[in-house]
Amino acid sequence: MVCTAGGAIVYNPTLFCFRRATRFFMQQAPLLEVKDLACERGDHRLFSGLNFVLAAGELMQVQGPNGSGKTTLLRSLCGFVQPVQGTVHWNGQDIGEWDDDFHAEMCYLGHLNAIKDELSALENLQMSAGLAGYTVSDQQAVAALRRMGLQRREHLPVRVLSQGQRRRVALARLLIGDAHLWVLDEPLTALDVGAVGLMQELIGEHLSKGGMTIFTTHQPLQVAGVEIRQLVLT
Amino acid sequence: MIKLSLFGLLGLVVRRDLLLAMRRRTDVLTTLVFFVMVVSLFPLGVGPEPDMLRKMASGVVWVAALLASMLSLPRMFSADHADGTLEQMMLAPQSLSVLVLGKILAHWMLSGLPLALIAPVLGLQFDMSAQALWILVLALLLGTPVLSMIGAIGAALTLGLRGGGVLVSLLVLPLCIPVLIFGAGAVEAVNGGMSAVSNLALLGAFMLFALVFTPFVAAQALRISME
Amino acid sequence: MAINWFKYSAPSTFYGLAGKLIPFFAWPAAILFAIGLYIGFFVAPTDAVQSEAYRIIFIHVPASILSMFIYLIMAGYAALGLIFNTRLSSMMAQALAPTGALFAFISLWTGALWGKPMWGAWWVWDARLTSELILLFLYLGFIALQASIEDTRRADKAAALLAIVGSVNVPIIYFSVKWWNTLHQGATIKMTGTSMHVAMQQAMFIVLVACWLYVIAVALARVRSIILERERNTQWVNELKEVRS
């Protein structure tokens, strides 16, 4: 079975190749549908009756004041928070309480960087890839880190990097996956102007390859040639 | 072939945790030192008569092993929870039970296994016979994985809570009592001239039972705690 | 019948139902207690071996039986709440826990009071008493876990998982302790042989039923206050007579 390599990524042939082929044969563009979603935090209803559809190539920003449930919405898409009402559908299928197949096709970046201080940036990337089920060669990981502006720092323990650099290491994870859906919760925190521009570029590339992104941010984010759909939570 | 990748994932998680522990060695060593200290405190408390110490020995070593394991339990998930890696592990498309099993295995290799290996040296402090020491090590090797496994459920349930260490002990210690009874009982059987086979067999049964159920239950507990 | 149950599975309707039911359990419990204890303390004959002190078993045995029974019921309700996501089941589990712990505690104390005249020691490591002690720890763990977690849904589910794991362990713990006790030839608290006097059996049975009714009444009362606390932000609570006054 021939594995199509997307970009410069090598897949674990036993697991991911089969999945890739299935996706190819199913010929379905990725689609995220949210129907009548309602979430609570504590005993407090954050939002209800939320409906939207996110198709390939689309970019959606979730807006709202602090405490309006933006993070909870993104986490409920991942399955960490169970909604009190409503359903989330991926490619037409209800993801229910937990869906491993859905998780294989999405990448979540939360407030926390999800990197270990004791490991180097390179090791962190390789661990993330391994946990997601595929292997990534040293070259690919280094290339991803270089793209994120971390050349010559790949082998340093993350402990000695600055906050902004750590965020870049976390974002590098997006480059080595083949996720269709990016769920980004305030990805621009601690990033300098250059990194913000880089992030905008990366999102643009992702969208043009048929991916989709839903994000929240407190800093302005623009992607060239793409209209950002707004979802406002009150 | 898919199965191989599950084992590969298990190996990856174990290697990762061992690597992290090696780069932060103090945690592992403090558990060991605590174990040695607690065992050494008992003779200071009850007096150095060899007969009494010999009778107490297996119980003391086992209780100390229990307490040392409880001490190291919060570490199983808390560090990963604090920096967000636990979330990413849960989002991995593989079964969470396998990941949890990997973490339990790594935890045992860093706490239970060293305890079992040091125990003979401590047993000498209590003037235990060679045969008793041998059975003690065997019983600890069979029993400490169960402590790690039941402890994983407790650690997962109390994830992120304040006062975590004490609460985990309160929840997990009653559940570990059968292991304590049969583990200490194995050595006493040998001291009394009987065979320890039945005790060891029961410990083995506990271990297998826990091996089958605890990763799944701990994974459920993790999902509950992440809400 | 199906429609009736679902109607009462909402906290708002169950609140009213529970309130109405409490007297139906509380009064019979009190009356049966009085009768049972009267028979036990005054009518039943003096035991040949243990003289008057044995009469404490009329409280000890029902308390022990119920403490174990309540744990299973509590775990059952908690499991229902976990699997079907029903809030009321978790509230019932939370309501039962303190009563179960109380009965385990009473069982321990009455066991000690019984042991003292028998063996001259307040605590002998009898298999059943030791298992009761461990059961008390399990109850306390359940209550502590629920109290430590602020988010009510997470607290309910976590405690439910703990209760389920505990109930699987309880038989294992019981048999381990029993084995440990026989090995060390400890003293055992035994009933006075298999043939108990009829009056003793009657008394024990009546007190058992009385305790059971008491547990139901107390659980209903406690669940009412739990409902009030959890639903304090809803409209129907604020409209209640008790709350408005």
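Labels A, B and C are assigned to the chains in the order they are written; within every chain, residues are numbered from 1.
The rule is simple: contacts are C-beta pairs under 8 Å (C-beta built on N, C-alpha and C of every residue); 3 or more make two chains touch, one makes a residue touch a chain.
What you are looking at is a predicted structure, and each value in this text was computed from that prediction instead of being measured.
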item: Chain contact graph, described as a line, ring, star, complete graph or other shape; value: complete
item: Pair joined by the larger number of C-beta contacts - B-C, A-C; value: B-C
item: Farthest chain relative to chain B (centres taken as mean CA coordinates); value: A
item: Most central chain, judged by mean C-alpha position against the global CA mean; value: B
item: Separation of chain A from chain B, taking each centre as the mean of its C-alpha atoms, in whole Å; value: 36
item: Inter-centroid spacing, chain C versus chain B (mean Cα positions, whole Å); value: 32
item: Inter-centroid spacing, chain C versus chain A (mean Cα positions, whole Å); value: 50
item: For chain B, residues contacting two or more additional chains; value: 227
item: Overlap residues in chain C, where contacts from two or more other chains coincide; value: 151
item: Parts of chain B lying in touch with chain C, wherever the complex brings them together; value: 153, 157-158, 161-163, 167, 170-171, 173-175, 177-178, 181-182, 185, 188, 217, 220-221, 224-225, 227
item: Chain A to chain C touching residues, read off their complex; value: 42-43
item: Interface residues, chain C side, partner chain A - complex; value: 150-152, 230, 233
item: Touch list for chain A against partner chain B, complex; value: 12, 14-15, 78, 80-82, 98, 100-101, 103-104, 106, 108, 110-119, 123, 127-128, 130-133, 157
item: Residue numbers on chain B that touch chain A, as the complex places them; value: 1-2, 4-5, 9, 12-13, 16, 19-20, 23-24, 82-85, 87-95, 99, 223, 226-227
